[in-house]
Amino acid sequence: MEERPAASKERTRGWPRYEAADLGFRHYWYPVLEARKLRDKPHALTVLGENIVLIRDGDKVRALNNRCPHRGVPLSAGKREFPGTLTCRYHGWTYDLKTGELVAALTDGPDSPICHHAEVAVKTYPAEERANLIWVYIGDEPHPPVEQDIPEQLLAPDAVVEPMVELRKGDWRYAMENAVDEAHAKYLHRHAAFYILYQMAGYQKGIRMVPSEDGRWLRRFSTPIFEQGDYPGLGKWPPREFWRILHRSTAERAVEHPVLCAATLPSTMWVGHGDWEDFQIFVPVDREHHLTLQVSMKRTRGLGKLLWRLRFWAYIRYLHHGLLNRAQDGWMVTLMDSPPEQLFRPDIAIVAWRRWCQDRARRSPNEAKAVLDTAAASEFRKTHEQDELTLSR
Amino acid sequence: MEERPAASKERTRGWPRYEAADLGFRHYWYPVLEARKLRDKPHALTVLGENIVLIRDGDKVRALNNRCPHRGVPLSAGKREFPGTLTCRYHGWTYDLKTGELVAALTDGPDSPICHHAEVAVKTYPAEERANLIWVYIGDEPHPPVEQDIPEQLLAPDAVVEPMVELRKGDWRYAMENAVDEAHAKYLHRHAAFYILYQMAGYQKGIRMVPSEDGRWLRRFSTPIFEQGDYPGLGKWPPREFWRILHRSTAERAVEHPVLCAATLPSTMWVGHGDWEDFQIFVPVDREHHLTLQVSMKRTRGLGKLLWRLRFWAYIRYLHHGLLNRAQDGWMVTLMDSPPEQLFRPDIAIVAWRRWCQDRARRSPNEAKAVLDTAAASEFRKTHEQDELTLSR
Amino acid sequence: MEERPAASKERTRGWPRYEAADLGFRHYWYPVLEARKLRDKPHALTVLGENIVLIRDGDKVRALNNRCPHRGVPLSAGKREFPGTLTCRYHGWTYDLKTGELVAALTDGPDSPICHHAEVAVKTYPAEERANLIWVYIGDEPHPPVEQDIPEQLLAPDAVVEPMVELRKGDWRYAMENAVDEAHAKYLHRHAAFYILYQMAGYQKGIRMVPSEDGRWLRRFSTPIFEQGDYPGLGKWPPREFWRILHRSTAERAVEHPVLCAATLPSTMWVGHGDWEDFQIFVPVDREHHLTLQVSMKRTRGLGKLLWRLRFWAYIRYLHHGLLNRAQDGWMVTLMDSPPEQLFRPDIAIVAWRRWCQDRARRSPNEAKAVLDTAAASEFRKTHEQDELTLSR
């Protein structure tokens, strides 16, 4: 066996911010819950390591830190005694939902001197409802408008959005890298019940990650190879299986529709499926868990909305997302155990994504509007070519 | 929102011994098991971090450290081969129940040279059966008589005692502070099925903790407020609910019978219920668990004993203790997460209890008889007033 | 109670290598699985802290480190795409089963530059199938032939071997010491359903551990005492129980057949049962688990093989091994908690075993052929007598 140049390993390491982001990147809006699941009761969840209680307040959604400063009981166990407030279940400490201010301590009477003090206020988080999802801003103020962190497609007036949210084990970066990674689909998903009748490419060539003009998306391009490969000493692969006759695969369609996948910060992968679109969003929970959101969207109106919803609930939700993403990708995310790692040529996509995060993830809320300028694009292209060269040795 | 003076937080911190007592205060007798549950077989349990095996020896109860010095097998797995002894299940090492001495090593024959040596003896603990409970002394010798650490009411000749013991999650101090705390009852217990028909006070005023004349008990006094409060900007509370018509609450009765609650070391809360009494005793197990004992007692004789037992088993045990204490107080003890904490006016009761422990918990068994002298009572009263003043700012 | 001389404790401590061997002794072949349980699919297991995947390759058995160097996914989740290889389920990295070399990366095509490099090879372990078991060598190369580490009896041409393997909780040394220990059988196993009709010795005298001539085995000798002992102040023991009439015990037979037990490195105990033999082998898994193998063997041919298998499956497997070893010895191994420990006279057997490991466990594969020479045997005898003297004080 040959020794590879040591540089090949080192060269692909240049993203300390990314490696430090165990709990994700702050200063972003994250989707955290299907809007229809937030009803009358307070809803507790953890994102980016923060314990949060969500609650509806008329037509607003409110998010507060889920801990009563008195003795640390979660406010999500609380009740609503007055409009616009949440009352801790233990001693009746009552907080203004909008400001987090302690406005009453019921068991100490109306003259309780504890109220209105700064150190007994509960931290609040900006929260909004958009595209059938609840979004929460985690980071320093001033926060950007929520629209800035929602993929623009989901905000189109004719977008019909069907989200699903699952808590999963595993580092959020494993899940996002799995989405960015093109190669595994050719092998892992080959035997998915979902793809069993499809002719699938065996591998791909020329993976390239190209920034969009507005600097928001990192698009993935490649050429799928449908011919059998001849592996020296081993034989031909993939096998010709007579039942794979019905369709050409998603990958094959890629030849005609060159952009089918694109990633965006903080942790969203867009996948085009021809007439519908799939947003996979991975929200860090703690060091060992993340939320996987699969947000399926079709632009349609009238009767089309009904047909789309039927298709989603009859097929996409359970067969496509369930068998493909949950049973296979989710399984791999659970099994992955790296670093150490040894990257190969198709991992150029992952390397580009890591570098993208390293260079472009917000350092402060004031960067929220930054876009990729021409110089940065050119710089990105150069390092991308360098990374590719390294992985090809 | 106003800033509170920083001193207000610091002022309520003066109990390092109490904070260090993760495993409780030593040099006390603790009740650990319903006497009727100790039958023929050895019974294993952990209290104050000590692993203990309880066993009956004729009309005595014995307590030994639950570890055979040979290879560390628990003696509670053992058998009784000879009267007055316990034999380890593994190699037949046989211990005298009273002294813990190794009196035989059966698998080495009658001439085994290992016997009678000091380093193979098992530690013993003083143990007694009183008031339908097994009591064990944890601490240095010489131990005081068990009667000194049992609430005197339980030893009355006509006391009919019904104990129940449960292992619960949570720091024992959370559980004891919850018992000492008056305010939560007005809010948390308002919706207990148990109290649903009672008119309850909304809050209370003037909580005072007053030492008993013999220095043994710290009694809680306060004035319940039954009128609705008018909370500025929020509205009136508590709501008038037409179904709360049958009874005035325990708290209301407090106006007529001023002393209804009292705490005593190491971790006992007495609650008077008019014609019966309830002792809540919290025994540290390890850093994350405690035993909650609810010892219900009525002084009665003859047919009264039968009626009391009927009432206990038909009502108090499952409805009163089960719904009120286990389902609500036990829930809060599980949820609590402090420090940090922010105390309010009613927490004067908890502060007084912490200070009581700080000043008066035994440092050695020789202190067992110490009582509160006049100077100490006067000192306690002064700091109590000071604490109250601080919490009122 | 008397003080024992402090030396008695210290004197029995002289085996730092043994105490450090939490994960067992390296440079040995270990049996890890019943051969019949390794079928078409890869089989994952952990031994001596190493994660291994076993797989059949024609008439060979292969063992590889169970981690794909790419992203750390276990190879045991993989598939067989080509003969003599195993393919990682995630991206199709394909390894030669014999060498561990990466021979294809299917999703990167036949020209993938990652292949054949040393740092993407997977570590392989020598593996063999013998005596109905899979054996794996854990240690440095060069490895000795597997036959060197298999008890010679199991390799006899007429040996009919019935192995069973169980994962158990507990340190492997507890399990092996329990097997080496003679005394516990007289007490712990007295009430095993299995022995309930046997007249059993109460204790034994003169336990001696004697090296075999070839230096491979450490044989245990002793004299069982069937008379009742008279324990001062306690009474006579064991009790005469009228139902123990059918047989004399295994121990009694020992008087006629002096060698019935012998230990060998790395962790095997041989027990003779007259017409069949039992090998108890304890294979370290991690710091808290081990495999217990019970390998039952009878030398027979023709119809005798069938009768032996019937006896094994109808009786030995469930009643003898199940009730005696699993329910009792396995229970004790779970309960044991030492050091600290206080050894007694019969523990001379355990002390001898520890010293045997300390002095003779391989330090490197080159020691594999070392045998006990005369000087070493004489030295062992001297320390053994010294240990015995110490334990008799």
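The letters A, B and C name the chains in turn, as written, and every chain counts its residues from 1.
Everything below uses one rule, namely that a residue touches a chain if its C-beta (ideal position, glycine included) is under 8 Å from a C-beta of that chain, and two chains touch if they have at least 3 such contacts.
As the structure is a prediction and not an experimental result, all values here were calculated from the model.
Trainee: Which is it for copies chain B and chain C: same residues on both faces, with over half shared, or different residues?
Mentor: Shared-number fraction below one half, so different.
Trainee: Superposing the C-alpha atoms of chain A on chain C takes a rotation of how many degrees, nearest 5?
Mentor: 120
Trainee: Averaging over Cα atoms per chain, report the distance between chain B and chain C in Å.
Mentor: 49
Trainee: Scan chain A for residues touching two or more other chains and write them down.
Mentor: Expected reply: no residues.
Trainee: Which chain B residues qualify as touching chain C in the complex?
Mentor: 67, 69-74, 77, 81-82, 85, 87, 89-94, 101, 103-110, 112-114, 116-121
Trainee: Which residues of chain B touch chain A in their complex?
Mentor: Chain B reaches chain A through residues 1-4, 9, 183-184, 186-188, 202-205, 225, 229-235, 237-238, 331-332, 335-338, 340-346, 392-393.
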